[in-house]
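Chain nomenclature is as follows: A, B, C, D and E, assigned in order of appearance, with residue numbering initiated at 1 for each chain independently.
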Amino acid sequence: MQRIGVFVCHCGSNIAATVDVKKVVEIVRNEPGVVHAEDYQYMCSEAGQALIAKAIAEKNLSGIVVCSCSPRMHEATFRKAAERAGLNPYMVEIANIREHCSWIHKNVEEATEKAVILARAAIAKVNLNAPLKAGESRVTKRALVIGGGIAGIQTALDIADAGYEVDIVEKTPSIGGRMSQLDKTFPTLDCSACILTPKMVEAAAHEKITIYTYSEVEKVSGFVGDFTVDIRKKARSVDMDKCTGCGVCQEKCPSKKTPSEFNRGLGNRSAIYTPFAQAIPNVPVIDRDACIKFKTGKCGICSKVCQAGAIDYEQKDEIVTEKYGAIVVATGFDTIKLDKYDEYAYNQSKDVITSLELERVMNAAGPTKGHLERLSDGKHPKNIVFIQCVGSRCSDDRGKPYCSKICCMYTAKHAMLIRDKYPDVNVTVFYIDVRTPGKNFDEFYRRAVEDYGVNYIKGQVGKVAPQPDGSLLVQGVDLLDNKQILMEADMVVLATVIEPDPSVRKIATMLTASIDTNNFLTESHAKLRPVESPTAGVFLSGVCQGPKDIPETVAQAGAAAVKAIGLLAKDKLLTNPCTAKPDELLCNGCSACANVCPYGAITYETKLINDHGIREERRVAQVNNALCQGCGACTVTCPSGAMDLQGFSNRQIIAEVDAICR
Amino acid sequence: MSHDKTKKQAELIREISGVNPYKCMKCGKCSASCPSFNEMDIKPHQFVSYVLNDDLEALVNSKSLWKCLSCFACIERCPRDVKPGKLVDAARQLVVRERGGDFLSADEIPEKLDPELPQQLLVSAFRRYRR
Amino acid sequence: MKYSYFPGCTLKTTGASLDRSARLAALALGFELEEIENWQCCGGVYPLGSDEIATKLSSVRALAEAKAKDQELVTLCSACHHVIKRVNDDMKNVDDIRTRANNYMKLDEAYAGETNVLHFLEVLRDRVGFDNLKAKVTNPLKGRKIGAYYGCLLLRPGKIMAFDDPENPTIIEDFIRAIGATPVVYPYRNECCGGYISLNEKDMAKSMCKRIKDSAEGFGAEMLITACPLCMYNLNKTEGGISVRYFTELLCEALGITEEGKAL
Amino acid sequence: MPMNEEFKPKIVAFCCNWCSYAGADLAGSSRLAYPADVKIIRVPCSCRVNPMFILRAFEKGADGVIICGCHPGDCHYSTGNYYARRRMAMLFSMLEYIGIENGRTRVEWVSAAEGVKFSTTMNEFVSKIQSLGKNVRLGDIRCKN
Amino acid sequence: MQELINRAKELLADGTVARVLGWREGDMSYNPEVAYFNSAEELDKFVYNGFCAANLSKYMIEASKLEGKTLVFLKPCDTYSFNQLLKEHRVDREKAYIIGVGCCGKLNVEAIKAMGIKGIQSIEIDDACETLTVKTIYGDKTVAYKDAMLERCHVCKGKEHMVYDELMGESRDTVDAERFAEVEKIEAMSPAEKFAFFQAELSKCIRCNACRNVCPACSCRKCVFDSNKFDSAQKANVDSFEEKMFHIIRAFHVAGRCTDCGECSRVCPQGIPLHLFNRKFIKDINKFYGEFKAGEDAETKGPLTNFTFDDVEPCDAVERG
């Protein structure tokens, strides 16, 4: 039998005004197992905690019940107090007589009666409590960053600077991500490459950072502190160690008709290629679908011209298995495909482009060498129309319900850059709302209007009709003037909604990280834990969590790094002791529990069981305490009751039920 | 029109049309798409406001009701699934049900006919213009 | 192969050639259009009001008859197709309409949207196949530059009509290629012709049709084809510009049904 | 038992720790009253609720049992409430099948932000049980007759 | 029957199997009992006829622990149970040599007795399985085979064996009733009628545990009702929780695993139609989560260890159920 002490808190008048605390003390004193009961003004105060410690020592208590506020508020406080007094912290139960009683009931008699019943339930439970000890698991001092864009690079740099090993896995041949495709960045109009390239170089040179480009995460197992990850290094067909990055192979490659991913298909690349000049690593990849050697067996020119002998047609995919303590997801975004939006004639006219395509057009290394020209005929445009919110803020199934957040600002940037460089070009922007919260952001947008004369029209475009002469007739509306507008344009730029990179679904599944209906990764708490996934040990960096611009991405990347560092800095992790526990004698070995476990914490083992004298080999369930999070799903699937949950055992809950229904 | 009656009619319009006017974000894509925009006194994107403000008097007296071509461009392109075209038709229904009032009377029609006019035009117009 | 066929009012009068050429072409392509007995006019426009029942019943009757014969229901006129397809969708998915319509109809067996509604073009694309059609063409219309005019009713609302991409359709262009001609894509092929507004506002309809015709001509079309008698009327009423034909007429021509082709 | 003013139902509410228990806390801190007949048992997840607990409650004299968990899709353990949903659908259907009035059991998804919903749900549930009166049948299923 | 014996002898002789699990004559001709046969001589006592109703798959749990293979004769419906046990790792496929035997429907002596036939001495079955000759102390009576079949055979799952090493004998269609008709009848009752019906039936229960012992799904090493896993401080008394809720919990524990083999109802000495619980769950599962046949294969996840994002809500399940 336990020796239980009951402590009833007044919480000032919060509880005492509606619950007769003295009466509660008098009644619970007679409950089975109770050897001590008292009340106090504020149990959570230093003095209140001292009362508990004193009672534990004097009455040799083996369990305590605190009748107070919600356990979500002070359970941890009282557990620590008990632990300091030499009691196992899991011998403490809370009866919630504030939120669930005094605050919602007015009648003192009723509330007091209920408080007594809640106290009885807690006492009945404590009677069956057993001391629990948090387990420990080790922490591998190495982090994995999935995605090599600005988010991934920044996170990796921050973690590495703190002294931990970091691996970056990037699926394309080079790190750099979307930012490397941008021309200038708002609100300061720095050249994107000028600020990104040094970071890429720094990452590549950092002794603590290993970069796997042209690689993908294949399999993840394990748990916080101890993940095991298989990384598939796709066959590059070029020996990384031998290649000097001279670029001759790309020049000589006869297959040059593959649309360049980097230039968003606006230009072509060779079959052996690096995506862009500043690529890191500066080692090309052979696109085997485009390569003549791979398609026909003939050619091999790149091999012949390579003085370093780096070309290796026989190279195979390679799987690298590595252990990590923390994983940061930084998979980024893409724009949606616009094939369902042909009222804007995206598929009909080369002069209707997305904003990301415009970035390439404006970029000196892009398909037009940075000259603003129509892609259909190379002519200099006179009128450019920007259409905002293409696919953003849509509740139909063509687009996405959210705001892409970055478009208002980059459109202002594009408009300004064009007007600055080509004052003869008229720029019109059709918008629904202009959203520019952020430091110096609205000022930036106003500059576009006030200093650069960009024509902002509140309203949408219904149709873009290519004309026989090659111009584009834009039919829109000016809602403030209540007029329909027909406007000739030479180019139309669509601010296309962004979506999480499609690869994220597979990665989220592997990590058991949750994902929302728009495929953005879910954060653990929208306000208080914005860079942590609900899955322990998994952190979020950049747009994979939600639309954000570069400054926000970099800030979040740093935050994710700090969270990862905080984890890696620990030598051991304490595990939740309220985990499932199988009774091997009762286990049928049927696997029902393993089928419902969301963490893969249950495995089966065949072992010799001594069941009251019968010794036989049996297949029995085993729970990995580091993986088990204590949901209890397994306990209910187990027909024999062999699987139970520590801290919330079948008998404990039954005892609470009995106490309440008594 | 009394206030109560207007309220009731606004509800009726929402019911007949099955449109939730609160979903509208005033982007104007309906008006940008509408081929009859210039003929209309109340513009497509404004229908929603009239229904939300229970200003049915103006709406049912609007000539816009009889200018809509039912071409569904607004319905197809509306990003918020508001479907202004449905509101127009509901308002039209309201008018013909309430007054039995036809937009065109039977007498007016013969002078507008020509021998090549397809049957389809007549039945469509018949259904849109009167009950 | 037999299909139930809903011709609709106009195909019995001013649109007779659309009906005739379609039937002839069908026979040549090896399927038959079996006219629904006692069909009633579809009403021309789909009643958008969600509480409209009576105006949907004629469509339900035709749909139920096709179901009784276990046939797919084929239409030609864009308006009929639009109305019947949407009513069918209501009968399938809207409980209230289904219940009330069935209460009115008192059919032997309640109708719940079982019939598949096909436009003649869909029969060509999905049942015959444009490749097979191409193989059967004896008189390919080589060198003819033809603009497809879709109008609104076949395409919208895209989700329910499920006919083609409402903003970038290809079915008529594919058809044009199959009969050996060259399709001309122009931006106004899915914009309204003015519809029934031409009864009362002739100028408005004319200006809309002029834009369509001019744009097609500007992109090099020598002719427009359509599936809709009302579009045909409005486009023809707009003087000048390129000619307009029913797509089935060209189909007959390509299939070498010359005798009737002349008569058309 | 005839209905009368004195009938004080015994109601057991199983609340998951992450959403519904927090929702109940919010109802409390927002002072949203519901009858004192409701007593809450905290479980880690709705999937921890064993049908045995529910039947046990009825056997010991409960008049109603309600299970509250995170909304489907929001489970702290990702999938727990989906299993709970199937189990309870089965159990409730069986109870109805053997003649237990179906209003005595209920599942409600209450998030940590839904203090109002928690309170409304409990008020509704208590008045439902009030209208059903004292539970006789579940305690009586195998009585000799 | 003789060919079964011959084949069993062959398999014993060539060492394929170490023993044979089947039936031998019991105290009465209509009461064959389950038995192991270890030699050719013992097999002379082997019988297989219309009264060999027992589902042998559950015996394979114990047989899987023995040295060598056991030859087991399984009727089509028994193979579902075997597969389900295989899925739950309770039997070892390697330890079983399964002969799928034909079945013409199994007989229920209680059905014959219920016809008012008393003083039965023996029952003979004709070769075509069409008529039974019941020899009684009052003379011979003739009964149509069909009329004497077990309830489960009237709603038979089919003639296909789901798992076997070889097949012997023909099966025939015996379905002449709607499987869920009885369940639907109860569903249509008012709550008071339902309660009265089940109270009357369950009041007969003497807690002999025959249903539990015969059930292939109810195969826990130790039943939860025999352990203290859910007990509180007070110990069970006469009308304790277990007593009352046993059948509901038992049905719940086998939900999604029960193959509807009907053994529970067959062996109940009090004639309680226990299959009505299981069949209700099967009906609900089919309706809410899609057609599911436990034991159809040994891999598919069971309906209660599975879910979809838009499963029916419990309140709707009750309304629609």
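As a working rule, contacts are C-beta pairs under 8 Å (C-beta built on N, C-alpha and C of every residue); 3 or more make two chains touch, one makes a residue touch a chain.
No experiment lies behind these values; they were computed from the predicted model shown.
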Chain groups still in contact once chain A is set aside, others held in place: B, C | D, E
{"item": "Chains contacting each of chain A and chain D, listed by label", "value": "E"}
{"item": "Identifier of the chain whose CA centre is least distant from the whole-structure CA centre", "value": "A"}
{"item": "Higher-contact pair (C-beta pairs counted), D-E versus A-B", "value": "D-E"}
{"item": "Most distant chain from chain C, judged by the mean position of its C-alpha atoms", "value": "E"}
{"item": "Inter-centroid spacing, chain E versus chain C (mean Cα positions, whole Å)", "value": "60"}
{"item": "Separation of mean Cα positions, chain C and chain B [Å, integer]", "value": "25"}
{"item": "Inter-chain centre distance, chain A versus chain C - centres from mean C-alpha coordinates, in Å", "value": "49"}
{"item": "Multi-chain contact sites of chain C, meaning residues that touch two or more partners", "value": "167, 191"}
{"item": "Multi-chain contact residues (two or more partners), chain B", "value": "73"}
{"item": "Residues of chain A engaged with two or more neighbouring chains", "value": "343, 463, 596, 637, 650, 654, 658"}
{"item": "Touching chain combinations (by label order)", "value": "A-B, A-C, A-D, A-E, B-C, D-E"}
{"item": "Chain A-facing residues of chain E, complex", "value": "65, 88-90, 219-224, 227-234, 253-254, 301-302, 304-306"}
{"item": "Partner chain A, residues of chain B touching it in the complex", "value": "23, 25-34, 37-38, 43, 45, 73, 77-81"}
{"item": "Touching residues (chain side chain B, partner chain C) in the complex", "value": "15-18, 35-36, 39, 66-67, 69-73, 75-76, 85-86, 89-90, 93, 104, 109, 112, 116-129"}
{"item": "Residue ranges of chain A in contact with chain D within the complex", "value": "70-73, 96, 98-101, 103-107, 110-111, 113-114, 117-118, 121, 512, 514, 534, 578, 596, 598, 629-633, 635-637, 645, 648, 650, 653-654, 656-658, 660-662"}
{"item": "Residues of chain A that touch chain E when the two form their complex", "value": "32, 124, 127, 583, 585-592, 595-596, 604, 611, 616, 619, 637, 639-642, 644, 650-651, 654-655, 658"}
